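Pasting the structures in now, so scroll down.
One chain, chain A, appears in both complexes that follow, with chain B as partner in the first and chain C in the second.
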Partner chain A sequence: MASQKKLKLLWLQSITCNGNTHSFLNYPDLATLLSYFEFVYHPVIETPYTIEEVAKGKLECDILILEGSFREEGFTRGRVEVSKIFTAYAKRAKHIISAGTCATFGGIFKAYDPEYISGFIFDGEERTARYETYASKLISLPGCPIHPKWLSYVLMMLLKEKPIPIDELHRPQELYGITVHTGCTRNEYFEWKIDSKGFGLKEGCLFYEQGCQGPYTRGSCNKILWNDTSSKTIVGTPCFGCTEPSFPKRALYSTKTNMGIPATMPLGVPRRAYLTVTGIAKSFKIKRFEERIITYDH
Partner chain B sequence: MIIRELIEKIEGEAELDFTFNEGKIEDVQINFGFYRGMEEILEGRDARDALVITPRVCGICNHAHLITAVKAIENGYENAGLKVALSPKAKAIREFTLSCELMQNHMTWFYMTILPQLEKLTGEISTQNYALKASYFSSTVTKAMSIFSGQWPHSSYAVPGGVTCDPSYVDVMQAENLIDECIRFFEEMLTGLSFEKYLSLNSLSSLGSVEGDLGKALWLIDKNEMAEAGQSHDRFIVLGDSVLAKPGKAQATKVSNVALRYVEESVQTGTTAKAVSYKQKLYEAGPLARAIVGKEPLVKSLHKRYKDSIFTRVFARVHEVATLLVQSKKLLNALQLDEPSCTLGKMLEAVDFEGEAAVEAARGSLIHKTSVKEGKIENYEIIVPTQWNLSHGNEKEEGVAVKAMVGSKTIQDATFIFRTFDICSVCTTQ
Partner chain C sequence: MKIAEKKALKRESIIQTALQLFSSKGFHKTTIPDIAKKLHMSVGNLYNYFSSKDILAKEIIKYTSNVLGEEIREVNMLEISAREKIRKIVALYFRMAERHPERIEYFLRVYLANREVFNDGCEGMTCVSGFVTEIMIFFDDGVSSGELRDQDFFSAFGLFMGYLGGMVFLKGEEMLTKDIGQYTDDISLNIYAALKA
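Now for the complex of A and B:
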């Protein structure tokens, strides 16, 4: 299928759970994608070099894919400090993709040692000292884990040398320009401010009680579905904001409220606007939204 | 003479120090590096945050962590006096999604670890892209699971009292179709037999009819004269209650009861991984243990001839996929969607409780213990399956994987034996 020279990918890990690796491996179009690229190294796929050979920092690579939270000292791969390996290849590669929230912002493992653990180029949403050196090459793909299609999109755009519009945190706008709320099957309930009466129901919005962060989390989970089939909010699980620099926040299954109103507003919406709309929506009682969608007869 | 070998592509890496004596391996020291502090990250958080945090222990068995975490909270609620009664629907959906994760894991391990390593070991290198086969099966089965769990990896759809999803029969039909596709893969790629024919196999001699990639793997093990290699204590443990086996332990063929209170965790020197034992004895956990404790006829037939060798161990893990496919179909078919998905309305938030649970994850028994004060986690303990298999052992006996490797003549043979335990580095160094 692919006739041109394949681009060389180098996938390196630091402090990680391997979630991005396995999310990628579950990409239904993996065969097609891999016909355009070759892996110099991948953490689970068979590749031509051992990690010890990779760790010497001398191999050729076009695109460096980083997975896992970063620390300067104390974490090795192939018996070499990852900071040394990352730096060596970050210099050689034409592009750097931080795959997942850990590699991008520090993520979940940052919580163990916040002072020393961060993303490779960002620490939360702050720029690290490495930013100036590598910013021109960087694409951020936060998410815990990444969706394989997000990575596939970036790789194919780089292959075709097409521009990828990004935001100030280097996230592609196509993927992070919208919120997780976009496309959620519960949108009608959000519009009319109908909360879900508990977990395990098709009906109701999870923003008011169950802690859903979808309206203020950047991501395309309800547009580019997970495993090509679903998403957290579709199956009644709140969005936990896993693509955000603040992930993981606390008390994830309940909504923090002020005077009964969610404490965090939908992205960019002024509180006054939200309250006005809510006041109007709540002044109507609409029977359909109080009923179950499916009733089973016995 | 001690030779240090770095083992990679085991969901991270480990270093093994092999001590040789007269051309044979006499001892192995297994070292895991970096500790990520998962248990500390949980301290001070809301009890239910464990449902989001603990799956991130592991990218390949994250769902087992979720199910164990939710059961530990439910156990805690019960200990605090709240009755937790799941609907049969919620119970079945949890079992189904967990079964899907096990199948995903086993096939990924078989295609991405066992087959390529066996080919290297025997010099029978093929041009097959095993990663794509693994990916095809895995993406199909995780899609089936995501219909209920929303996504894989890292779903958090199980909550105290049930599950967050409220599926329709359209969803169930889609999941059934995807499981049928997995069965087709099992027939055409893995065994070269119709599923019915495969399920009718009942003895070691009938295994000769298995073709496909499983037939190839069994043939390569035999060709390399490794069918009897990798035997260990022949002692097995199952602590979780699953569609595969009830909890129990087995010494050779004798099965007896188990209780979580006899599980002991201890710090080992030179590695960040802790050892785990049951009444100070070391047990193998995982698919082979489930098959022996659950008295699975075909695996028992192999075990009778080869004991707990790599032949039995590799076969047991792949065979478990067949059992899980059968069980998955049954679980989906029996779902009554008019039952509630979640039976707990209000969560016990600001209370004190202690809860624990064991679940059968892909690699064996996974244990979570949570101590909660005023709704916040005060202490969280995780014991992962790999700890059972990779403990160094104690004064009395060698660890399970260590004993299996001792006596090997080459590092290549020993590391292959090591990999038959389906090592997960990230779990071990949570």
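Now for the complex of A and C:
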């Protein structure tokens, strides 16, 4: 493997909190992963070029990784408009990875200025004028932040020249073909419609009252665990739907309901089917689900 | 006609007949031989369709709930205001009370009054989800459009269906001074006034 030509990575940032970079740096196998690649530039890893040299747009790169929301004018790196730098390398790169929801759809910064801030190739779920030019190269990795294993999966697949099936928003189906709900340890409570009585508890489902968007958010947070350990929903915090073009919504800790009926249905489930099944499930009292999983003496 | 279709028709005729007998004579005073006799079929053959009176009773509540649910569903599919939908639901409910009083009598006088029969197998909404689901959809649409006030589901459900059930009960007791259909406008207005945003 060591003799194989290393792919050149160029990681560029626009309007960002560095969250995806930090997540990536926490990847336990980062050193091994990077042994297969050569970083031409990364904002916080020691790399051979300065941002001023990068900003000239002349370096070689195989994979362009973008982090942060995008605006056409008025945001510079190395005293050059980011749009000019991004465009120069988007043309040169064989592959473009938008790392995080900001780079992919606009994310949390788009909420600040929806008219002018977007992702590089998508604006929310709408395609921008760039789409036609770059669609064939694009892999979208939304998430706030992305899981480092999502990025390492894509990088290794590209390295091995393996096909990466994607959905209409260019998200790898291997990672986003399921919902965050899949694999959640609270699924029994979801099935029997048992609400969680608060945050941080082991018992109950967070979908009914606590704002969990897991049943209609695409992502593998409960399949590929965070820090190889857990996930938000497992520890008792609702999924915020951070991989979706609609992120961020408001009132993230409460479920929008209409007379007790969730305003958003689980992904692809017709409302009539959902209400029929849950109405019946709710009719039964299952003693085990009414009890604490662990009882303490004190 | 295929055998399966014949059997389905026979099954429905048993449900219809049992529904009338249970509603008029009462659940406990109606026997399987009574039902079989009225249908001109043998008791043994009737048991081929329903293995016990309790099972038949549960199938009837599902049947009536689904019939009512289908009618409300048609109203839910219309592109009209919640206020107009309320009027249509009240009208269809009262029309059912006039044309098929046994269906609503069954709910009030058999289903609600003999919980020991229905507790096993018809818990909660299990056997009445056909129409409860449609009422949920009506509420959800009404709140989503801003026409109805968001509130606890059962507060609204009890007001709506309890009110209608109560009127049909009064009709059954022959207490009403007018035909039940003549109350449609006033009652629709009352329900709308209570539920509107």
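One rule holds in what follows: the second predicted complex is superposed on the first by the 296 of 298 C-alpha atoms of A that agree within 3 Å, B and C clash if a C-alpha of one lies under 4 Å from a C-alpha of the other, contacts with A are read in each partner's own complex, and residues count from 1 in each chain.
Simple rule for what comes next: contacts are C-beta pairs under 8 Å (C-beta built on N, C-alpha and C of every residue); 3 or more make two chains touch, one makes a residue touch a chain.
Values in this document were obtained by computation on a predicted structure and should not be read as measured data.
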Practice prompt. Kindly classify A:Cys144 by the partners it touches after superposition: chain B alone (first), chain C alone (second), both, or neither?
Written response: first
Discussion item. Applying the document's definition of touch, where does A:Ile15 land relative to chain B and chain C: first, second, both, or neither?
Written reply: first
Worksheet entry | Partner chain(s) touched by A:Val80 [first = chain B, second = chain C, both, neither] | neither
Discussion item. For A:Ile178 in the superposed arrangement: first (chain B), second (chain C), both or neither?
Written reply: neither
Practice prompt. Classify the contacts of A:Arg272 with the two partner chains as first (chain B alone), second (chain C alone), both, or neither.
Written response: second
Discussion item. Looking only at chain A, is it chain B or chain C that touches more of its residues?
Written reply: B
Discussion item. Per the contact definition in the header, classify A:Leu159: touching chain B only (first), chain C only (second), both, or neither.
Written reply: neither
Worksheet item: So, A:Ile280: does it touch chain B (first), chain C (second), both, or neither?
Response: second
Worksheet item: Considering each complex separately, which residues of chain A are in contact with chain B in the first and with chain C in the second?
Response: none
Worksheet item: In the complex formed with chain A, which residues of chain C make contact?
Response: 123-126, 129, 132-133, 136-137, 139-140, 142-144, 148, 150-154, 156
Item to complete: In the complex, go through chain B and note every residue touching chain A.
Response: 6, 8-9, 11-13, 33-34, 36-38, 40-41, 45-46, 48-49, 51-53, 56-60, 62, 90, 104, 108, 112, 116, 129-132, 134-135, 138-139, 142-143, 145-157, 159, 161-166, 168, 174, 337-338, 340-342, 345, 347, 349, 426
Item to complete: Write out the stretch or stretches of chain A touching chain C in their complex.
Response: 257-261, 263, 271-272, 275-276, 279-280, 282-284
Fill in: Parts of chain A lying in touch with chain B, wherever the complex brings them together
13, 15-23, 25-28, 30-31, 34, 43-46, 50-52, 74-79, 108-109, 111-113, 144-145, 198-202, 221, 226-237, 240, 242, 248, 250-254, 294, 296, 298
